[in-house]
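Below are two complexes that have chain A in common, paired first with chain B and then with chain C.
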Partner chain A sequence: MRTARWLTVRVAAHAATLTVLSAVIFWATEVLPGDAVGVLSGQDATEAERASVREALGLDRPPLQRYGAWVVDALHGDLGTSLISGRDVGEIVGDRLGTSLAVLVPAALLALLLAGALGTAAGLRPGGWLDRVLSGVTLGLVGTPDFLVATALLAAFTVGWPVLPAVALVPAGQTLWQHPDLVVLPALALALGAFGATMRLLRAEVGQVVASPYAELARLNGVRGAAYLRLVVTNAAAPAVHAFALMTAGLLGGAIVVETLFNVPGLGQELTTAVAYRDVPLVQALGLTLGAATLAVLLVGDLVTRALTPPSRSTREHP
Partner chain B sequence: MTARRVAALVPAVLVLVVALAGPWAAPGSPTSPVGGPFAPADAQHVLGTDVLGRDVLARVLVGGRTLVLQAVAATVLGSVVGLVVGTWAGATHRTRVAQVVLRVVDAVAALPALLLLLLLAAGAPGSDVAVVVAITCVSVPFSVRVVRERTAALAATDHVLAALARGDTWWERLRCDVAPGLAPVAVAEAGLRFVAATQLAATAGFLGLGAPAPAAGWGRMVRENSTGLALNPWPVVVPALLLIALAVGVAALLDHASGPAVDADRTGLRA
Partner chain C sequence: MVPTTMRKAVAASAAGVAAAVMITGCSSTSTSEASVPQDSGTSTLRAAFAGGSTETLNYLQGPTALDYVRARLVHAPLCELDPGSDDGVAYGVVESIDVSDDLSTYTLHVRDGVTFTDGAALTSADVLYSLQAPVLLEGLPFTKIVARGFDLEAATTPDDATVVLPTLAPIADGRELVCQSMLAIQDGTTEFTPTTPSSGPFTIASFEPGSSTVLERNDDYYGAAPALESIELVSIADGTARVNALRQGQVDYVSGLAPAQARTLDDVDGISVTTSELPYASYLQFTMSTASAPLDDVRVREAIRLAVDREQIVENVYFGRAFVGNDLPALGFPSYDEGIPQREHDPERARELLAEAGAEGMSLELTVGPELAGMVETATLVVEDLRAVGIDAALRELPAGQLFADYQAYLAMPFRAGYNPPAPFEANHTPGTLPEVDALVQAARSGASADERLAASHAAQQLLWQQGNQLGVVFVPNVSAAREGVSGIRELQFPDLAQATVTD
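Here is the complex of A and B:
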């Protein structure tokens, strides 16, 4: 019963966030100076031409009314048509989402593996040589913007060791899922850019468990090897899941850069192109999709964290 | 000051000097071609030429100022908002209103930074100011969180409670009892936000937002010239190294200066 109530509150909070985001998206794309009229009528259109375009698009109505119409249409699954290609926006978003997932899923798994294994190894012996090396490497990685990590990988594999295709050119009629070799570099770039911060967090959590009285008691009682590892990992799991959720949500942002650089035809690349061409309906739909996906990932993370947290603690936190 | 702190400080300060004073020292026009594309380095053009045959040294020297100024403006703006909202939320007795404000702040923090950056850039194309506003929006939640937590801890201390019992005004309590404890944390958190802001500003340039081409920018240079890495690597490598040196230098400096007071990893502040 308590879980149901907690879940309702969480879902309501996320729905509220999404509503705020939709307002921001609408305001940024239709109310700010660079609106669709400027794009469609061209740079040197006369005031009369601009007015007729504005009327044709229904932009002469008050913003609040247009926002309402847009939200109602979006809730009915009608996201409008692209100003540039004339295709149905919902269709484009569906296509791009599939491609993005083909890169995001391997990237998330790889980052999870790297952060989990290295973070646990470093946290088990704080101050050891592995801990010091990893601390230096991840400080460098965290200090390096994602686009530099991706460019460095691109350079290494195009100039230094050309074994993998640098640009994801998918043959017509096929999906990226059928070409694992095209996924390797973008996924690697995303994972390398994302795992550093999570690994440092995990190392701190594991280090805390290792320093706790119950872990010391276990060590003094001769608990070793797999049993000791299980004790440490299970106790550090709840905060770790939260960190992983944050990391996965962060991957969606990193995908904007990586997809653009490697020419992966996913949501992120489509968004940068749509922004460059000022394709307003497409920008709105892609913004909403990315925002909703982020919130969904965080919600799942919250759920798993709650399931892993002992009930006594969660009742104290959520009275 | 230890040797390690000096080692971290020197590159960061050097990069800042190059970025801010560079435009005065540029050896020629950063936008007019002086040779063929991707010509290797020679005596006349120390770093060679870029994709359109422009002098790389001139572009590197000119390309940092906007980025650093954007980061500074976003950091200062963020600090002002963060300090006002954060101290209010930490010290107020209206805990319910404060909770609502914090929820909104968390909601903004949950969204990908680049999404907000792209949306605002879509509304104001080619504007460097839009980039500053976007960076401020995505970094304010971090500031509010940190300042609020510190203020709430300080507001519960005995000396603040004593000041309250003594009948000091809220301004006296804030200035004499809370501010001294808050200052080091606020400075460290501003430093972290500055690092994140430089990275976001560079990423904005990389994605082609802000002032349009032919303007020089370190992020934009990496993007423009990545195709010619085999011919002349300098137009990619030099801006990249400058960005990394700045970020790692400032981060390492803060690491030693503030210790665990503000932990960037824990709060998830990343570009």
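Here is the complex of A and C:
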């Protein structure tokens, strides 16, 4: 019951956040120098031609009126059409979200697996050889820019040992979901770049739990093997789950480098282009989608944390 | 398959796109012509372009090179620029264009026997509608070039095979306006979908914006039958990714490569790099604002033009894949004045001129953005050269897309990068800087005899060379690469794939 009320409050807060976000994004596109008229007209158009482009795009109306019209349409489920291509914005965002998720979901699962397994293994024996090796490797990966990881993978699997396609070319009429071979490299690149932070947090927490009197008592009482592992990990996981949720949310819109190199045009790449073209309706829709997805991921993270945390502590952590 | 309905909305990135779209010459290009298309059977060409989700079938609003490459395969051109031929154009579904003696009426004769994919014959009404479409369908400014020279509302179609176009003012280069970018579409076409009737060598089997287009041969095409059975146009936004896809054999052909990317392919076995030849190269120029001191002084402008080492830019930025500019547009077009000497790199004279003008140590900010291959790198070298002659020069680099986005701000910049796609000089001249040049260009377009017009054009170019406000350092061609076995692609401003052949 308490969880239901907590959830309702959180969802309402998220809705409010998104409303404010839509205004902020609109305002941000307004203060950016230039508009789609300049982008579309190029440098050789006459003033009269510019004016007719402005009118055709509806950019001759005052900003408040445009924002108001957008809000009304958005509430009716119409996100408008792209100023540049005339395509339905909802359709573009749907396409890009699908592509992003096709890479993100396997990447996040892989990162979870790596972080969970390696973080626990290292934390069980802090200071041991495994811990030292893993610490070195993850620190290295955390400090390596995405494009280096991606380029190294490209060199290894498309040139050195050419077993995977370099670029994700999806045959006409199909989606990325139907082609796991196209997803392997980008997902691996994202997972390798991202799992380090979560893994290190988990390792630290596991180390702490292992050293606590509670774990010692359990060991003295003969708790061993899988049962002991479960006891340690469930007590240590909460902060790492938070970190993992944050990382996943970040990857959704922030995987631009990987999206570009492997030609998996997702939300991040689309947003970059939309901003360059001053395509306001598309920027709005992409921004809000990313915002909503981030809030949703964080919410799921919080729910998992709640489930992992013993009730006595939850009152303290979630007043 | 996503049959996308094209709605209003206007499209096209910067100027690049602009005239970009306009030129598709016919002969005198760097083509590895496949004389006899062998085994016209089951062959498919997979070609990659930058594309992106802004792709649209509406070529009047299309912002990417891919949009025009595709449109040119689907819709037959009325006629094309062909700098080598007598009329300066090669005819398509319009089989000839007559000009009245007073240069005020153009008569277009429509080819007989051309049909659309729905079986309807192509008539003068379709041709006239094709010319009016950029205005009626809110095409981007660069598509409206015909409307700048002709009174399209007063145009008539006396019979099914004839279109009569009155000019707004007498012009001699009306053929070039009509033939710069116009493709034949059916009378009354308002939206462009994969099933919209068309008359080109290929038809659209499927279209997914930002991903791929599958084209199939149109067996009812009136012109030379394509050897390819189908073409798959794929969108790969990043140049490096395009190169990787070619190297791995995922595609047969890639276009729009940056100089450094092309260079990495030079030593790769089984891959050849091709460059479009003149006149199909974009004019990369830096405009100096004459509105304020010290750039209003012609000596300062000449000093800046002399200070820049153009050869070095061609070598170091473009690895030789570019043409040295002489501060004049339209290099390679028939009316380009070859008689004007190439401006040399002369830093000594530049210093003297600056001293004469009292502008030593002047500060100057050059604004640039990544809008054309090598643009930022070229600007970087220009700034270095200017510093070397004592100008306190600085570079301001804008993020992609911003340079032309804020046009008022762009015009207010004292020294700004820009580029013009390959197009004849006279019809594309922007008046307003030097009134004398504007008058000469007018004479070059409306003079009674061809000699008179050429003389006026050369006089205009001479003046621009001496006093103009552009530092035109380099002409940048389109760079493409293909695997062995691909031939017949015409490297115009944008590649024409209609007559390509593929062998294994």
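Simple rule for what comes next: the second predicted complex is superposed on the first by the 280 of 319 C-alpha atoms of A that agree within 3 Å, B and C clash if a C-alpha of one lies under 4 Å from a C-alpha of the other, contacts with A are read in each partner's own complex, and residues count from 1 in each chain.
As a working rule, a contact is a pair of C-beta atoms (placed from the backbone, for glycine too) under 8 Å apart; a residue touches a chain by one contact, two chains touch by 3 or more.
Computed from a predicted structure; not experimentally measured.
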Contacts of A:Ala236 with chain B and chain C, given as first, second, both or neither: neither
First, second, both or neither for A:Leu104, with chain B first and chain C second: neither
Contacts of A:Glu49 with chain B and chain C, given as first, second, both or neither: second
Partner chain(s) touched by A:Leu154 [first = chain B, second = chain C, both, neither]: both
First, second, both or neither for A:Thr260, with chain B first and chain C second: both
Which superposed partner A:Val183 touches (first chain B, second chain C, both, neither): neither
Touching partner for A:Arg278 - first (chain B), second (chain C), both, neither: both
Touched partner set for A:Gly291, first chain B, second chain C, both or neither: first
Partner chain(s) touched by A:Leu124 [first = chain B, second = chain C, both, neither]: neither
Set intersection of chain A contacts, chain C complex versus chain B complex: 33-34, 154, 158, 260-261, 275-276, 278
Chain C partner contacts - residues on chain A that touch it in the complex: 33-46, 49-50, 52-53, 56-57, 81-87, 91-92, 95-96, 154, 158, 162, 165-167, 169-173, 260-263, 265, 269-270, 273, 275-278
List of chain B residues in touch with chain A within their complex: 103-104, 107, 110-116, 118-125, 195, 199, 202-203, 206-209, 219, 222-223, 226, 229-230, 233, 236, 240, 243-244, 247-248, 251-252, 255, 264-266, 268, 270-271
Complex contact set, residues of chain C against chain A: 1-2, 4, 6-19, 52-56, 58, 61, 63, 138, 140-142, 144, 205-206, 208-214, 232, 234, 236-238, 240-242, 244-245, 247-248, 250-251, 399-402, 404-407, 409-410, 418, 420, 428, 430
In the complex, chain A residues that touch chain B: 13, 16-17, 20-21, 24-25, 27-29, 31-34, 139-140, 142-148, 151-152, 154-155, 158-159, 197, 200-201, 204, 246, 249-250, 252-253, 256-257, 260-261, 271-272, 274-276, 278, 280, 283, 287, 290-291, 294-295, 298
